[in-house]
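Worksheet: the structure to be examined is printed underneath.
As written, the chains take the letters A, B, C and D, and residue 1 is the first residue of each chain.
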Amino acid sequence: MPLDHTAKGVYPIAPTPFHADGQVDYASIDRMTDFYRSVGSTGMTVLGVMGEAPKLDGAEALEIARRFIRRAEGLPVIVGVSAPGFAAMRALARNAMEAGAAGVMIAPPNTLRTDDQITTYYRQASEAIGEDVPFVIQDFPQTFSVVMTNAVIRRIVQENAACVMLKHEDWPGLEKISALRGFQADGSMRPISILCGNGGLFLDFEVERGADGAMTGYAFPDMLCDVVRLQAEGQRDAAHDLFDAHLPLLRYEQQQGPTGLAVRKYVMARRGIIASDAQRKPGASLTAKAKAEVEYLLARVARHDPRAGALG
Amino acid sequence: MPLDHTAKGVYPIAPTPFHADGQVDYASIDRMTDFYRSVGSTGMTVLGVMGEAPKLDGAEALEIARRFIRRAEGLPVIVGVSAPGFAAMRALARNAMEAGAAGVMIAPPNTLRTDDQITTYYRQASEAIGEDVPFVIQDFPQTFSVVMTNAVIRRIVQENAACVMLKHEDWPGLEKISALRGFQADGSMRPISILCGNGGLFLDFEVERGADGAMTGYAFPDMLCDVVRLQAEGQRDAAHDLFDAHLPLLRYEQQQGPTGLAVRKYVMARRGIIASDAQRKPGASLTAKAKAEVEYLLARVARHDPRAGALG
Amino acid sequence: MPLDHTAKGVYPIAPTPFHADGQVDYASIDRMTDFYRSVGSTGMTVLGVMGEAPKLDGAEALEIARRFIRRAEGLPVIVGVSAPGFAAMRALARNAMEAGAAGVMIAPPNTLRTDDQITTYYRQASEAIGEDVPFVIQDFPQTFSVVMTNAVIRRIVQENAACVMLKHEDWPGLEKISALRGFQADGSMRPISILCGNGGLFLDFEVERGADGAMTGYAFPDMLCDVVRLQAEGQRDAAHDLFDAHLPLLRYEQQQGPTGLAVRKYVMARRGIIASDAQRKPGASLTAKAKAEVEYLLARVARHDPRAGALG
Amino acid sequence: MPLDHTAKGVYPIAPTPFHADGQVDYASIDRMTDFYRSVGSTGMTVLGVMGEAPKLDGAEALEIARRFIRRAEGLPVIVGVSAPGFAAMRALARNAMEAGAAGVMIAPPNTLRTDDQITTYYRQASEAIGEDVPFVIQDFPQTFSVVMTNAVIRRIVQENAACVMLKHEDWPGLEKISALRGFQADGSMRPISILCGNGGLFLDFEVERGADGAMTGYAFPDMLCDVVRLQAEGQRDAAHDLFDAHLPLLRYEQQQGPTGLAVRKYVMARRGIIASDAQRKPGASLTAKAKAEVEYLLARVARHDPRAGALG
């Protein structure tokens, strides 16, 4: 089933599990995929920046995507296909769709500056991968140095029928969600799904502003699922209580680049979701001090959420 | 008393209070200064980025600095003197020191790239303002796009006797604090004061890593003072409890640019520390939705910290 | 007489002459101004980037502008007023206009990214300095990292009655001139003056594309004046012959940053237009090898243009 | 024969010829390769930025490299292997070397900032592709936004035995050549080959400063070969005379991005070196005005160099 604008819930950004020697750990892909399904994820996103996609060669990337898709058993899988050029992007996108992906995600190259450069890029990308391939805009200025105004996002949506979702991770970004939903309300933009990233740092309010859920990689995707569900049920205080209990750890994981990923993989390994916290080179690992800080935070979270306790 | 490397505690980043028409609100400067002293601040920093310094002309900047210094009655005041050129920097620095400033803070221009460009810049800056003027390095890559390695900071310290403090706001940054303290321990760098910025988002652990305190502008500097004090007293859990209670609001204030400043000024005005949340043009103000979110967060913080409640 | 859209010819970008000790050399300002007039310049631009404006404090900048204006005896002088904030920009702009400037030039801060950020900036700048002050857009992406599309320039022109001129130094830029003149032809943009910078590297074709002349600082502004005049007279081949004779030296001067300025000042000093090639610190000076290269180039230019020979 | 530090002469940056429909034009690859050999090129570089490498998928890139290498019949071919990650870089580098490449060229990703980031990147790249693969540093700050000091280049050379050449295209860059040759003279850096790019804009002086030749793509590589040879023979004035005759056209081709490439391919097609000036999408083509300007320049060059005349 192709991705469309009605997507909601939580699409965890899946890390790529590696063995200590840098080989892909396929068994952990299976275990992680099962875990995501078991906690109520509504989809998954693979081969993003935090999936260490640039460290993979083309054949590996495709094999990893296939493994996730097969194991997901129908859960929609979005595949990151950002590439320095459209030929490579097309190759991965077509192959991923053939393998059963629900859609693809495209980040802008960090050299884009003007509104026209950005909208032109997405038009050309959609043409390159085929207009039958649903795609997600990734709006992450902190990492990509590309600033998209509300109006630019609207232009991309209006100019590309295949654009069905925004991965929203501008910061600050709450007013952007309100503005985009306003565009839908006034009829100037067709509906899209908005899933939020940026480590989940503002998820509590983002769903209140009209976001459909989360697409990020915090090591407790079960918490993200619960927060989105509680908000949907109207249990605002309960949603914030749970979110706030995790916020000290979530904030700690939200350190840009390989450090944040090291925290994420460390906690996922501690939870038994993946076998090892190894990153493929060049990567990062946690110092003893950092590990102790994470353990301290886990213990504190566990006072409110038992899932953070008794990790073996 | 000139600033030196023994500085510790909390130096709030003072916003510049304005009236609704953009005029400087000097009465609020006095009130805010009194407030900072009353809650245990050990110093203050004025005319930083969040002090809207670039919106002031030279004469205003100096008058504001003088007003803070006079009212601080001996509490050391650091004056931001970052400028596009050394002549303007020198003029403000000399005048500020003459008016009684304890030292100055210098951010690197966002065009610097190589290690040598950065260290050369600080050598030339110190020569320009006079080597008798104690200065603070501002290390804030997210905002200034200038990346300083640990070794570059050490070079700046070793090459400039007047360099006495680091405003640490790299992100991720915990390992940087450990590394710099390691340089002091192995004798390769003379001691400096390290005060942490970045909105206070990691202050709880930064002081555990060896930072001397905070230099940031969260609207509850009293909380920052308490956290630093509790950690100094060895009350780790109590420090984290207090910090965590504020983290949802602190995180909300930690939105880059004018939005974050709008939150800060809004809360400070709600607390009666300043008269108005106005920013000088071009600035930002909070939407009704954002105000409601801040109020919701204040009410939640008030469950743990009465200072956030009953705001009139 | 205020600057308006009919401006044409050559407005040399005047360097600021310094003595070896970094003091401003006012006598050389007078001599240089007389020289510019004597060779047929139709105006002058002072306090630009290559005028080392950021190294001046506010009082110096104003005094220098006044000196140029007084000596120019009616020749229109444009004053660069780019500043990190609008208060400083306003102060210099108002003072310069009071002193007799014909208009001001405004470069965008290098943090602007989106079309809206750029057009908003110019609206706010014009409001800040006063809508009675004619201003020039400086479009120089190589140096300022701000990319303005043709449509953005049109928006700035249409939104600001005070915008009368474009300093065109985008690169590549020939099609931009054609497009902007096309906007005028189709009535979608009111007429503006277009003077070209970028070291003059494409001046030969820029005037053929519809530019009104040059605003750049090549050490032979007399050549620039001749090329613009020859093209206006329809002497295309003669214009190119003269331009090409200078191109090897012009290209050599066209090295970004202090190196290019060092070449420019060296040649101007050799020609007796200014007393010294000193730059205020931090600056650059030519190595012995570079000086020998410049002398070699001067000798070669002199075979075609006697003004480059017999320099004392 | 693997590339080593004794390489000299001219290694043209080969464009990738396409048919109008975007397919690779292999017959033109053969013709162009023959042309390069016939005019005295000492090597070739393929799959660089101006070879539209990012628009190719992995299989195409390899096939193109193989075609060039086979046709070059022993002339050393350097293959650009810059990639967003080391896995893709390794795959292309190993395959290219197996196909007979003499070495590879590596540009830094545009996110690198500090000296350590840059030197670490090259260490990791060399380790990734194998330390038996000779590589070329591409130092092109205008395009890649990565600034390498002289000392950083020396560190890369000293830390990586496989580093044998610098593609020098910093600007300004003459003093950099002198400094690097000085490092060799004082024994602090082992010898490397320095070939110059940046469109050839300073080639006349670069070889005088100690560069070994050119690696750039001007549409008259025969002229580049002649200039390098004349300088090697001590015919300085003749070298400059020839260079200067081409400079107006060379300067016109030296427009960054697809415009410059459009000029290059247009002239190469006019000369019969390739069949079509088509760029693969997204690309650029010349307007009628631009074509007329190029024709005018060709006619002017032809007065001094008959190779620019009578183009059919």
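Please note the rule applied: a contact is a pair of C-beta atoms (placed from the backbone, for glycine too) under 8 Å apart; a residue touches a chain by one contact, two chains touch by 3 or more.
Just so it is clear, the structure is predicted and the values come from calculations on it, not from any experiment.
Trainee: Taking contact as defined at the start, I'd like the list of chains shared as neighbours by chain A and chain B.
Mentor: Joint contacts, listed by label: C, D.
Trainee: Taking each chain's centre as the mean of its C-alpha atoms, give the chain farthest from chain D.
Mentor: Greatest centre separation from chain D goes to chain B.
Trainee: When A-D is set beside A-C, which has more C-beta pairs in contact?
Mentor: Higher contact count goes to A-D.
Trainee: How many angstrom lie between the CA centroids of chain C and chain D, rounded to a whole number?
Mentor: Their C-alpha centroids are separated by 33 Å.
Trainee: Roughly how far is chain A from chain D, going centre to centre by Cα mean, in whole Å?
Mentor: 39
Trainee: Mind checking the centre-to-centre distance between chain A and chain C? Centres are C-alpha means, answer in whole Å.
Mentor: Using C-alpha averages as centres, the distance is 48 Å.
Trainee: Please output the residues of chain D touching chain B within their complex, sorted ascending.
Mentor: Chain D residues touching chain B: 113-117, 146-149, 151-152.
Trainee: Quick one: which bits of chain A touch chain B in the complex? Just the residue numbers, please.
Mentor: Per the stated touch rule, the residues are 142, 171-172, 174-175, 178, 201-202, 204-205, 208-209, 240, 243-244, 247-248, 251-252, 255-257, 259-260, 287, 289-290, 293, 300.
Trainee: Please output the residues of chain C touching chain B within their complex, sorted ascending.
Mentor: By the definition above, chain C touches chain B via 53-58, 60, 83-88, 90-91, 110-111, 120, 124, 281-282.
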